[in-house]
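Each of the next two complexes has subunit A plus one other chain: subunit B in the first, subunit C in the second.
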Partner chain A sequence: MDISLLNRLRTLVVFEVDTFEKQLGRLRSLHYPSGAASSLIDNLVNELRGHRQEINQVLADFPDDPERAGRALRSQHRLLVQKLRYLSSLEDAETVRAPWSLVPSIEWLASALLPDKPLLATCTQSLNYGIRWNPAPKSAVQRFAILELPAIHKTNAFLHVLVGHELFHPILQEFLKSRAADVISRLRTALNPIASQVTKDRFDELVEQVRYIWQRALEELMCDMGCAAIFGPAAVFASAMLHIGGNLDEPPSLEGSFYPPPRYRLREVLRYAFQAPVDEGQQSPDAEPDQSDDKPLPRLARLLSDRGFGWARDVLEKQFKIIQGEVQKQTDLEQVNQYPWLKLAYEEVQGSLPQAWDYVRDKAQSTSTSWLETIEDIPKLLESIGLLVPPGEIRETVGEDSSQLRTRSPSLSAISIAMWLYRLREEEQDAVKAEDNELRRYHRLCRLMLKAFEDVEIRREYDSRKKAAPAS
Partner chain B sequence: MGVLTRDLIWSEMTHPKDPQDPLIVTPLLENSQVGSSSVDVRLGHQFIVLRRAAVTHVDATDQADLNQQIQRSQQKVRVSLHQPFIIHPGQLALGATLEYLSLPRRLTATVEGRSSWGRLGLIIATACNVDPGFKGCITLELVNNGEAPLVLYPGVRIAQLVFHLAEKGADYRGKYDCPVGPQFSRIHEDKEIPWWGPKAGEWHG
Partner chain C sequence: MAVADVQLLGELVDCADVAVRAAGQLYLFRCGRPIRDKDVLDRAVEFLAAAEAGGAFMSSGDSANLHATLRPLNWVADARTSGKRRAFSAQPEEIDYEALTQFLRRMQATIAQVSQGNRPDDQAWEECIGFLDCLGETLGTRADQHMRAASIPSSSVASF
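Let's look at the complex of A and B:
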């Protein structure tokens, strides 16, 4: 390469390092809702120092061997470009942009599910939730997972239950990898009849594409199930709210990143996470609800009823019946079955689901994040919400003649489920009365929910510091 | 209209006369917050500060511009746990209690700054009466009247709530709907205020 171009490359890389450092200095001065951003900045600064040293060494060698120095500079440039996305993530993690009262709770949940991955929660101008992580991190910076929430829904606390879905993505890679070889083997057998009609490369490509469709579907379904294992019915209500704006039968496609049809996703979550009847003819819409206590939904319904919240039981049963009615239609499967490759991939998905559910359920149970562990708190929280009080605290009377209070934090899932049940009742009432202040009431509940999450984290922090403090 | 003492405050919280309308102060991190005749409340995370450079003046009678003036001149700030919020001499900042208050219809409350902060020059609340039936975090008008900048931290005990029995039950009909942080002034919603201004605007009563 001509020396003048190499000189220009040198300027480019030095400029980038310099600007990167300045940007980090500016980002450090911003307010963030937790220490995650500062920790990421510290790590970036450390790594940038390493880049600076490497570049200085290369520049020192530049006059002797410009070609070799050019290669080294290009390598540094590539590494720097990879780090650029962290700058925009840090911008998006600023307190004014992120749902700050929820961020510590999200981080707590992430630390339980992904103990080796620090998490940075951000809000981006996208309509979807997402997570980015490096499956094989080689540095402290690469260990960070970046969670993305849709900025337009920043204060829509009801939807944020869906972070449970995102946090499962990094967990599942091991499971998916362990199943892939068997799936590929079966796919090759199933696709064998066409093997003689195409070249070997084309055949391998086809197997890989069907395997990819299988993996995308199973991964999304497992994340849905994981979210349901943590947040119970709230996960289903939030998921339905997100999907209802689109086509429930949208078949997997390249343009749609091979996402499974929303109706299919809801169906399998109901089948596995709630053991609800979801197939055609399994249960008529008018059938009496299942009363067996070993299944999660009847257990919650019974609890609500026993504690005097018959209205909440009715809401729960009615809403699930509505969703069951939707998923029994199977119009999504008709779409999938029209395409032989999709059909084949989804047959593999069906075969993987029992083990997939066991895997995510065990993960939720082993990290004490399962919604069923704190189901008893839900009626107590409904009492608070009914009084328009944030459900961030369980109050129980103690002492002689019960004259004082003992207070403790509820779980995130109990808060979410109680808030959703209350909201759905309001939604039903609003639909009947056609109230024009519906949005005001929705905002009010979002505020109460976010305040509840905030209070839970304050107590967690307060109690841990108090426990650590030396006795006076 | 007597002041509620410790036992009565606990009684209102644990065995209210009307179970559908209890006194709730949440989160109550320590039972010791309930004192002999008051409840200590803590400083919340959110503040509203004035951006002096962004506004020429505030005229409450000029309804057309007032809301915009208030929004433009005030900035919301959120301070994390263990992070400082510094209030300079002469500065006004709106804060809020960390605790959310649900006040029964039969009680009223007054907010009183803790004297230990007052002795450092911090004035805590000026509009200190809380109406029966109010639900929400209480906005605190913080003014540093001292000589030195003061460092505040979310969570510190900042004020006290003193409760009184209301003669007759009342329902809160105020402008603030279950706030969970400090609220901008809504003086522009006062129906008669334009009439008193130089333009003698329309009375919306």
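Let's look at the complex of A and C:
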């Protein structure tokens, strides 16, 4: 590259570093709901110093290697451009944009599931929950996971249960890696006879593409199951709410980032996380609910009934029956089975699912985040919600003395499940009422839910400070 | 851009950078300068080893060293087959996976030699620097394509 063009390229890249630093200076002055943003800013500032050093080194090497100086500067340019997303993420993490009262709860859950990854919670203008993380971080910045919530649903507390899905994404690598070699091996054999019919790509690309379809499907399904392992029925209700905004049978595609069909996702969550009958003929529409064993749903239904919340049991059973009815349709499978390579990928998915469920269930259990651990709290919280009190505290007697009361925080999952059950009852009642009234009631419940999450975190902070304070 | 696409772009940018910097280190060492960034040479060897395992698997079915993905093999094969995507070509390019595996072993051996402060012969040096240059350019160009958004008219209510 000619020296004058190289100098122009240098100006371009140095300008970017300089502007990046100034933007970080501005972002540092904003208010954030936690310390994650300022920690990310500090680390970005350090990395920008590294970029400056690299740029200086390229220029120092120019006399010996003029040919590669341009390539090296272009590479620095790419690395910088790729980091620009952090600037918009920091903007989106500002207190006025993020669901600030929920952020401490999200960070607490993230610290349990992803102890080695600091998390920045953001609200973006896209209709999706998402997480960005680096599976093999090589710097402090790359250790950060960026969680994205849809800004339009910032106050829609019922949907935020889906954060549980996102937090599972970064912890699946170990499982996926352990199974990938066997899957690739089988795919290579199975794809060989059909390769010439289905593609004009190279064979290694075809095998990789089908492996990637397997991985993407399994990732999403494992995250769905992980979310259900933590939030129980609330995860299913929240997923269904988001999924019904689109086609439940949308086939996996490159344009759609190979997401599995929503109907398929709901079916596998019911099958594994709730051991519910999901195949045709397993349950007739009028069948009595399964009360015969200790499966999660019958257990919750019995608990609700025993504690005097028969209406909540009815809501739970009715809503699951509705979703079971949806997943018993096979229309999504028809989409998957129409392409031989897709069919092969999904056969591998089916083979991986039993161990995948064991993996995510064990993660939830080992981090004490499983909803089943605090299932007993759900009826207690329903009492508070019935009085329109935020369900952020549980009062109980100490021992035999009914006059001695103590309080404690409920789990995030118990709050979410209780709120969802209450909401679904209101939904049934509101079905024939005016739209504005319904929305007002919905917003009120969202506020109760967010307040409950906030109360739990205030209590957690208080307890932790009390524990750390020296005894007087 | 979906989460998976962002991650793939990150891998592309990182791998392109490793190839560009490794080629630079090899060239400067050849000019008599000391190795400044040994880490990038180790990372280049690591990437090529993953691609080699993929090539060995595709040629013989041996999955012993196979990583969780064939992506390193895909990218290396792209760089070897002129670095162009096949979107506009009528026929898929045939890859001799056995020969590609041998080639990748040679590249790793050359980089490892330099990493230990030894000087490979001229032909090996030329071949390795040329390949890393091509790999960096191929992956970098693809990353550039992902990072830019085209100017296109947005749809409006009036158009329906």
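What we mean here is this: the second predicted complex is superposed on the first by the 418 of 472 C-alpha atoms of A that agree within 3 Å, B and C clash if a C-alpha of one lies under 4 Å from a C-alpha of the other, contacts with A are read in each partner's own complex, and residues count from 1 in each chain.
To be clear about the criterion, a residue touches a chain if its C-beta (ideal position, glycine included) is under 8 Å from a C-beta of that chain, and two chains touch if they have at least 3 such contacts.
These numbers were taken from a predicted model, which means no experiment stands behind them.
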Subunit B versus subunit C as contact partner of A:R211, first or second or both or neither: second
Partner chain(s) touched by A:I152 [first = subunit B, second = subunit C, both, neither]: neither
Subunit B versus subunit C as contact partner of A:S402, first or second or both or neither: first
Touching partner for A:M1 - first (subunit B), second (subunit C), both, neither: neither
Touched partner set for A:L12, first subunit B, second subunit C, both or neither: neither
Contacts of A:R132 with subunit B and subunit C, given as first, second, both or neither: second
Superposed model, subunit A: greater residue contact from subunit B or subunit C: C
First, second, both or neither for A:I244, with subunit B first and subunit C second: neither
Subunit A-facing residues of subunit C, complex: 2-7, 9-10, 13-14, 16-17, 20-21, 23-24, 27-28, 31, 33, 36, 54, 57-58, 61, 63, 66-71, 73-74, 77, 86, 90-93, 95, 97, 133, 136-137, 140, 143-144, 147
Residues of subunit A defined as touching subunit B within the complex: 31-34, 95-96, 100-101, 384, 387-390, 392-393, 395, 397, 402-405, 407, 440, 444, 447-448, 450-451, 454-455, 458-459, 461-462
Residues on subunit A engaged by subunit C in the complex (per definition of touch): 57, 61, 64-65, 68, 71-72, 74-75, 78-79, 81-82, 85, 130-132, 134-135, 138, 169, 176-177, 180-182, 184-185, 188-189, 199-205, 207-208, 211-212, 216, 257-258
Residue ranges of subunit B touching subunit A (in the complex, touch as defined): 7, 10-11, 13-15, 20-22, 24, 26-29, 31, 45, 76-81, 83, 98, 100, 102, 135, 137, 155, 177-180
